[in-house]
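Same chain, two partners: chain A is paired with chain B first, then with chain C.
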Partner chain A sequence: MALPDIRTPETTERSMTSADTDVGTPLIQVRDLAVHYSHRRTGGSLVAIEDVNLDVTDGEFVTVLGPSGCGKTTFMNVVAGLVAPSHGQVLVDGKPVTGPGPDRAVVFQDYALLPWRTVIDNVRFGLEMQPHLRGTGWRERVQEAIETVGLAGFEQSYPRELSGGMQQRVGLARAIVAEPRILLMDEPLGAVDALTREVMREEIERLITATGKTVLFITHSIEEAILLGDRIVVFKSHPGAVKEVLTTGIERPRSERSIQSDARFLELRDHLWEALRGEATAAATRSSS
Partner chain B sequence: MSIQTQLPALRATGRRRGTAQRGEARWTFLLIAVVLAILAVWEAVVRAGLVPEAFLPPPSKVLTAFLALLVEGEFWQAFAFSMGNVVVGLALAIVVGVVVGLAVGWSPVLRFTVAPFLWLLYSTPKVALAPVIILALGLGSESKIALTFLLAVFPILLNTMEGAVTVSPSLVRAARVFGVRGPALGWKVIFPATLPFSLAGIRRGAALGFTGEVLGEFLGGTGGLGHMLEQAAYQFEMDEALAMVVVMVIIANLTLSLIGLLQRKLAPWHDERTAAAS
Partner chain C sequence: MSTLLASGPGLRQRGPGAWLAGLSTRGKAAVIAVEVLVMLALWQLVVGVLGWINPVFVPPPLAIATGFGELVSTGALTANAPISVQAWLTGFAIAVVTAIPVGLLMGTSLPVDRVTSPIAWTIYATPSIAYQPLAKAWFGFGIGPVVFLVTISAVFPILLNVAAGMRTTSASLIRAGQVYGANRFQLYRSIYLPSTTPFLFAGLRQAVVLATIGMTVAELAGSATGMGALIIKASNTYQTDQAYAAIGIVVIWSVGMTRVITLVERLVAPWTRKGHS
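What follows is the complex of A and B.
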């Protein structure tokens, strides 16, 4: 398959909002990253990811696509500061990541909301530990975040009273309330029903483009990766590593409906489908042998 | 759009709760009917002379004795003595149980070193220690408080420990992402997540603690409800003795209902069915 123009990882044709932010050092730099998990019983170690290199510029929306078990969540956890690298490092704004920080927020696949807190208190959780945001004005910030994700009127509801999609809206509001520069999203729509997922994809696309945040978005949906990403990082498994990086180059705003007829979308989808099928077949052969 | 997705969820929970309540109401009705039937048979059997009244007074006599107790100063004195001890013993057990339970549950080091001993102590019949405790602490309140504490603390402690062990790792991960660590992690995440387990433990601990108090008064007491019951039985006043038992049943049940109410109030997110172990 001839795709001469898409294997250009270093030049991002970021459309519209932040074309001028590409200058200077990248906001996130991933250098020779490897994570090994030690096996307690066998004494051996499992290579989760190996030799990952990636630059993400300020304001870029990068989707990370790969089959399950390819280490893409591990990769995100290292950037979040939740998992320490075995080798290499992640730099954010030039400084190595040593733990979680207020410049990065995470949206989890399982929402991870505190069940004893109402929507408004769950969103507040996102800025509680940041002294400069905790004082006066937090109420307005929280309210604004709640309205941004479309949850106005549900401030006093508990997570158990909300549908999955609405719980993830709370998770999203909690992540953006402290205005981090980087949003890390770990298959945020993976546990949401199909119809809500399509609506929320478009909402996330609009929301992020409006705020100009830098995003790492983990997914195993090809359509989602293309619809949302400026660039798509394709992971392969065993060991997890970057297989290729593609630039989408589709005009924003994008919508689920309009993108279906876009020639570039179809081209990318076919290409990614081939790439992932190769991965899935390889995985199946490995497990049977 | 959000309102549309919300409504079915609300309606579903409403329906579930409705059927559950109707179901419970039916069982309560059945329970009352059974109790009334037993009382009627009991009354009839004693009146017919099948059982000597001196051994088993009829419910009507027990009720008379019960009402007489309520206007007796001695009874209220005993009541205050017993309940005072139970409250002090239980309060100590709650503080120690929750604090130690959280610490042992959260710290792997403590869990592997201290927890085995806690289980060992839990499985020791503490009732067997009662005579030793009375010898050591005397016939007054101290020995009763100690027994209440000893019986109540283990269910609270072990339940809290189990709760702390099972705190969802995803909540802890989220807390770390948003900068919550150290004491704040304990206060904002571990404690509230464990609270339903602690409350279930407190519920069992309260019932056992009350038993400990009555037992202590039985074995060597100078006051309290257990002591009064023992005196009544010793003097062969079976109607008063049974009335005392009724009093204790009422106290125990009121306490359990009160804690049940607290559970629903403080931990409404917790599903009782998933906490079957407690």
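What follows is the complex of A and C.
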């Protein structure tokens, strides 16, 4: 089923974004990005992602949707500065990314909290290595971040004393405590139980809308991608590349319940379902052959 | 782990297993105490009362207690124990201050690990008594050979555990460190070292046991003083009750020192404490 009206080809998308915002350069520019991993034993190389182009404007919430193994995490790691591109580059604020920086924070799928630190010290980790934030006033910042994510009263708990959802709240507080411009979220709710996931989706939506942060949010959940994203970047696998970019165009604030009856939501969901099913089938055929 | 298994749904909900699993810490200690007492009573009965076994080979508990009394009253214990303790502490301290930096280096640098690891494993795998003649040749007849054997027994479990701890540091924690701006030094301080701490303490506990074996072996094989010498002297004069008493003291030292290590771990690394989640 073809739905040409919601399909926005990457080229027109780019011209549209720059015309719309009027700020000149987008905050994040991804140019001809490719990452190849080399196999030490065979000497060959695996193409993780290839030919990725994307512009993200300041304050935009972009969800990246794709089947597992499509390279979406690799893509995010390049933006985070954790993986060096094999080809092309990522520009943040016009400057090429050469490593991690205080303008970008990451929320990890497995939380990546330091088990030997209490909640308050884990959150503090988000700013303690940044000289301009380390001085006086860090306590207030940390406390504010903890309260923002709803963890007041758990400051002295160790991560293993908290549920998965609460641990990810700590991860979120650590990411926002230094007030980065860009939040990179790698399937942050992937390991959280279903009920908590729904609650936290809405909380993330509200939090990000309120703070106006620019977000790259990796997910393999279609509902999550639509609920949270201003735009949805659909990845395909083998090699990982952008299949299409869709604009959601659903009014905020959105809620899990209200969105279920939204015509645009249903339209997008059907379209994405078709797109991802094709990918999943292709992947299954490849692995069985 | 054992409580987890025993209290799991559908697993052993009745019977002695469930009863044991449900006990408090104090209750478990009481069970162990009763177990030990019953064992000692049986031992006393079989050897001491019924005389089924020659008490020279396996002296009964009460005879060992008397043997302990003799060790104290003759001054044999005060003459030998401090020498052993001194050798043990010196050897263990040398092992710790050598093993930790080398282990950290091995865990950090793959080339260093590739070169050092085979040597470390070879020395570790060699029975410590094989080093005794060498130790004597190098360090003479005093406390030297004992210190050497304690060190060589204790150094490798610490070193290899620390190296393993460094290498198994979670990749995702390292990424988190990098994302939030840690430089190389800060990564070590805030990620690698705390992550290696539980491994260090596991290594230290193994090292305590092996150091005590090393000490006893060195003293047994031709030292004039120390607990090992005391054991061999008593055995050679058929005072096996005294020999067993001396062995018992060495065992208590070994177990006691592992407890000390565990207590230090609880102070230094409270997050490793079990029984929370």
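Here is the rule we go by: the second predicted complex is superposed on the first by the 269 of 289 C-alpha atoms of A that agree within 3 Å, B and C clash if a C-alpha of one lies under 4 Å from a C-alpha of the other, contacts with A are read in each partner's own complex, and residues count from 1 in each chain.
Going forward, contacts are C-beta pairs under 8 Å (C-beta built on N, C-alpha and C of every residue); 3 or more make two chains touch, one makes a residue touch a chain.
Remember, it's a predicted structure, so these values are computed and weren't measured experimentally.
When both complexes are overlaid on chain A, chain B and chain C end up clashing with each other.
Of the two partner chains placed around the shared chain by superposition, neither chain B nor chain C is touched by A:249. Look at A:69: by the touch rule set out above, it reaches neither chain B nor chain C. In the superposition on chain A, A:190 contacts neither chain B nor chain C.
When the two structures are aligned on the shared chain, A:108 is found in touch with chain B and with chain C.
Of the two partner chains, both chain B and chain C are touched by A:174.
When the two complexes are overlaid on their common chain A, residue A:199 makes contact with chain B while staying clear of chain C. After overlaying the two complexes on the shared chain, residue contacts for A:126 are found with chain B and with chain C alike. Put simply, more of the residues of chain A are touched by B, taking chain B and chain C as the two choices. Once the two complexes are laid over each other on the shared chain, residue contacts for A:82 go to chain B and to chain C alike. Common to the chain B and chain C interfaces on chain A are residues 80-82, 99-102, 104-106, 108, 110, 112, 114-116, 125-130, 158, 160-161, 174, 178.
Taken in their complex, chain A has these residues touching chain B: 80-82, 99-102, 104-106, 108, 110, 112, 114-116, 125-130, 150-151, 153-154, 158-163, 165-166, 169, 174, 178, 196, 199.
Taken together, the chain C residues at the contact with chain A in this complex read 170, 172-173, 175-176, 178-183, 186, 190-191, 194-195, 197, 269, 271, 276-277.
Put simply, chain A touches chain C in their complex at residues 80-82, 99-102, 104-106, 108, 110, 112-117, 125-130, 158, 160-161, 174, 178. Put simply, chain B touches chain A in their complex at residues 1-3, 5-6, 8-10, 13, 168, 170-171, 173-174, 176-180, 184, 188-189, 192-193, 195, 267-269.
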